[in-house]
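Below: a set of structures, written as structure tokens.
Both complexes below contain chain A, partnered by chain B and then by chain C.
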Partner chain A sequence: MAVINFVIYLSTMIGIYSLLAMSLNFQVGITGLINFGQVAFFCIGAYTSSLLVVNAGIPVVVAFLAAMALSGVFGYIMSIPTKSLKSDYWAIATLASGEIVRLVALNEGWLTAGPFGVMGIPQILKDFISKDAYPVFYLLFVMACIIIVYFFLDKLTNSPFGRNLKAIRDEEELCLSLGKDTQKLKLQAMVVAGMVAGLAGAVFAFYIQFISPENFQPIETFLMWAMIIVGGRGNFMGAIAGAVVIQLFNVSTRFLGNYVPLGSDSMAALRMTIIGVLIILFLLYRPEGLIKEKKKVYD
Partner chain B sequence: MDIAQILINTLVRAAELSLLAIGLTMVFDILKFANFAHTDYAVLGALFAYVFNRILGLNLFLAIILAAFVTGCVGILIDQAIFKRLRNIGAKPVTLMITSMGTAIALRNLMRLIWSSHTKTYAIPLQKPFEILGARITPLQIGIIVVGLISMIAFHLLLHRTTFGKALRAISDNSDLASACAIDSEKMIKRMWFLASAYGVIGGSMIAMEHLLYPRLGFDIIIPVFCATILGGIGNPYGAMLGALTLAFAENTVLALDLGPIINFGGWFDVGSIQISTGYKPAISFMILIIVLLFKPTGILRKK
Partner chain C sequence: MLTIKNLQKRFGSLRALDDVSLEVEDDCIVGLIGPNGSGKTTLFNVVSGFYEKDGGEIYFKGERIDGLPPNKIAKKGLCRTFQVSKAPEKMTVLENMLLAAEHQIGEDPFSALFLRARVQRSEKANLDRALALLDMLQLLQLKNDYAGDLSGGQKKLLSLGRVFMLKPDMILLDEPTAGVNPTLRVQLMEAIKRLQEMEKKAFFIIEHSMKVISNICDRVVVLNFGQKIAEGTPEEIQQNEQVLEAYLSGA
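What follows is the complex of A and B.
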């Protein structure tokens, strides 16, 4: 039974990170925007949804929509500097913005309860589902979210809008010369990606029922990056594959602690060292990732 | 806090930051990518110095020099193993930047694995502060300012009086023309990595001496160092020094400012005295960084 519960937990976490990786892939893999502050969306989504429900008693559905909306607004704000900044300068700024969001969550105690975190986040539809079946129900809910997001993003990527985004990634000047408003396209891409990651944040908060600024350390962003680098950028199956590989590695090695003579801090350090090395090795020897982007050729 | 104290704290912080910013700006200028692992090299060196100082019992000054040398070699090694390969396959600067992020994660956690997350201190005797114009300054802080100044002058001389410095400036100006003039850029790049990493180690050790040393320190100082670099204008070492000075001054004054009178606006809103919470201290450099990037991404000083 413990094994089954663990598998369900692991699958749910893989699902949540798949959403985050797909969102990051939409920014990095499709549009070419290097975002090192992806965890900010996750944080905003989680805090918005849980605070609205816990403190204001707003219905869960509305809270989820609000979480997506606010993360989308943050995506809009983050996209503004892309107008004047080269991609590497923007990347540095995103790293800072991710930390600012976490610092706000940590310091604005009147709103977020600061380091104590938000407790008592209720389970969705708890009254209708038995306690034993609940983890399975939530896993199905996460799966449903993934399927919807996958088809939505895939459809979007293969639409004229998505082709424009890829054009920005490959050759921004060319895209500009064809009269495309690249700034507006980037803005729209960031809003869409922000909403998806905000949804992931809300799904995460209502799954673990307790969130604190500790959940939104910059290390989360690096995990998402490892996912899209290992899985492959430019296609969403790659993002999901990366989430599976990295989360399997990340979560399953926690139990090796019983067999390896290392403390939990050292184990965490070893885990992240391996993930860092994995990122480097993939970029050096297999830059396209596990699942390669299929490039369409139009004759 | 009075002005003399603010001035002293600013000078100390600027000495630390500018040594780190110089290396970052050089790499950014010559290789065209933002090296996110730069401050982690510095912390690696500071940890080496810790080993030499605490375990081998070396004099702290010698320990840092030795650590700077060793880490300089590590900088060259990492470049040969990772960044050079990417340069050779013609990878875009963005790919190099992402790879440096991977390198930073691997290096930071490797340090955590070897030295554990606990904070460390060097063998420094308890510091008895002097009083200068009513401000307090420890002998250690005087040392930091002096070492900072000497390092800056040495850097200036290196850049303008040696063949290496001239070659480096030539590559920065026009790399094609430089290689046409028989300047071996790969050799110069090696020396540049050595210099950037070694200078970083001196800066990193000084921060570790004045505060605490722990493997995650590299991440905690990356934004201030980037901020100082960009504030001064990428590729301009003197700009990096000025950027460090500006940022250090801001870090030391913003929290002491009373925003009340500004928000009150001639008595329209009576909010009394408002100060930014100290929890936001790390956010000062983030905010300055974002503001500079938004309004003046080329920095204060223009390149050369």
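What follows is the complex of A and C.
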């Protein structure tokens, strides 16, 4: 039974991170926006949804929508400096914005309960589902989210909008010369990606039912980056594949500690080392990732 | 159509454009020649909004355009190509063409998701146009190849195709025939000439080949060290002492 519970937990976490990796792929793989502050969306989504429900008693559906909206607004704010910063400098700014969001959550105790975190986040539809079936129900809910998000992101990527984004990624000056408002397109891409990652934050918060600033360390962003590097950029199947591989390493090695004669500190360090080596191996031998960007062919 | 008055551009102490004034009239092809480093591409970069000018005025269709960002200038109908062709490498030739099409539906997330029928109709129309243009440019068999895999000459052709998709009123071409084989070069010139006659578009062309210039240009402007040293018909230019000394003596 314990094994089955663990597999369900692992799958749910893979699902949540798939949403985050798809969102990051939309920014990095499609639009070419190097965002090192992806965790900020995740944090905003988690805090917005849980605080609205726990403190204000707002219906969960509304809270989820608000989480997406606020993360989208944050995407809009993050996109503003792309106007004046070249992509690598913007990347550094995003790293800072991720930390700013976490530090606000840590220090603005009147709003976020600071380091104590938000406790007692209720389970969605708890009254209608038996306790034993609940983990499976939530896994299905996460999968439904993935299918919907995949559908929308795939449609967007294959539209004229997505074509413009890919052109920005490959050759921004050309886009300008063709009359494209690249600033506006980047803004729209960041809002879309922010909404998806905000949804992931809300789904995460209502799954683990307790969030604190500890959950939103910069390392989370780098895990998401590892996912799209391993899985492949420019397509959303790659992002999901990457989430599977990295989460398998990340989560399962946590429990391996019981069987390996190493302290938990060493195990944590070893886990990150393995993921680091994986990134290097992929960049060297399979830079396009597990799943290559699909070419759009017309007949 | 395009009027440039006393245009100045400096890079440090170098006067890349020194008080350049010129005019490109409606439906005519004007050539821009000059030795390497004479400021031709700089002039294009300033006119298309990629560089900021240091002085002077630029008018397009009677409207002042200096100071506008490149995309706004392109939207007004003044479009350019680049000397070193730019081609989004992970996009196919056909995607490149569709990218450039004017008045597309579905360029923002909302219409891309919720106006799918209209998007598909506009895509279909653009697709037909793109295929016809690719056929003319002899790129049709490469339509599903990544633009990044094309040769230098093919990229030049593709940038022409993209500009034609955009249907601007005036086109700035930066060495459109460099690296294109001689047979195709002749066809390209004919295509430009045909487009000018049929659709009454204005062209401003940087070109090193005197043959191309004398074949298609109505008028030629000569730059040297950032200054306009001569202007006239191709025949006049080829007789001009100053031009011969600066430019044609070596050729």
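The criterion applied here is as follows: the second predicted complex is superposed on the first by the 296 of 299 C-alpha atoms of A that agree within 3 Å, B and C clash if a C-alpha of one lies under 4 Å from a C-alpha of the other, contacts with A are read in each partner's own complex, and residues count from 1 in each chain.
Here, a residue touches a chain if its C-beta (ideal position, glycine included) is under 8 Å from a C-beta of that chain, and two chains touch if they have at least 3 such contacts.
Just so it is clear, the model here is predicted, and its values are computed rather than measured.
With the two structures aligned on chain A, chain B fits next to chain C without clashing.
Using the contact criterion defined above for the overlaid structures, shared-chain residue A:L85 touches chain B, although it does not reach chain C. Touch criterion met: A:L106 reaches chain B, while chain C stays clear of it. Contacts of A:V192 after superposition on the shared chain: chain C is touched, whereas chain B is not. Set side by side, chain B and chain C differ in how many residues of chain A they touch, and the one touching more is B. Once chain A of one complex is fitted onto chain A of the other, the partner contacts of A:N235 are absent, as it touches neither chain B nor chain C. In the superposition on chain A, A:S50 contacts neither chain B nor chain C. With chain A as the common frame, chain A serves as the apex of an angle whose CA-centre rays point to chain B and chain C; its value is 80 degrees, to a multiple of 10. Shared-chain residue A:L284: touches chain B; no touch with chain C.
The superposed three-chain arrangement places the nearest Cα atoms of chain B and chain C 13 Å from each other.
Residues of chain B touching chain A in their complex: 33-34, 36, 82, 85-86, 91, 93-95, 97-99, 101-110, 112-113, 116-117, 215, 219, 222-223, 226, 230, 277, 279-280, 282-283, 285-287, 289-290, 293-294, 297.
For chain A in complex with chain C, the touching residues are 152, 155-156, 159-164, 166-167, 169-171, 173-182, 188, 191-192, 234, 293, 295-298.
Against chain B, in their complex, chain A makes its touches with residues 32, 34, 36, 81, 84-93, 95-97, 99-100, 103, 106-107, 218, 222, 225, 229, 265-266, 268-273, 275-277, 279-280, 283-284, 287. Here chain C touches chain A in the complex through residues 48-50, 69-72, 74-75, 79-82, 86-92, 94-95, 98-100, 102, 104-109, 111-113, 116, 119, 122-123, 127, 143-144, 146, 148, 162, 166, going by the rule given at the top.
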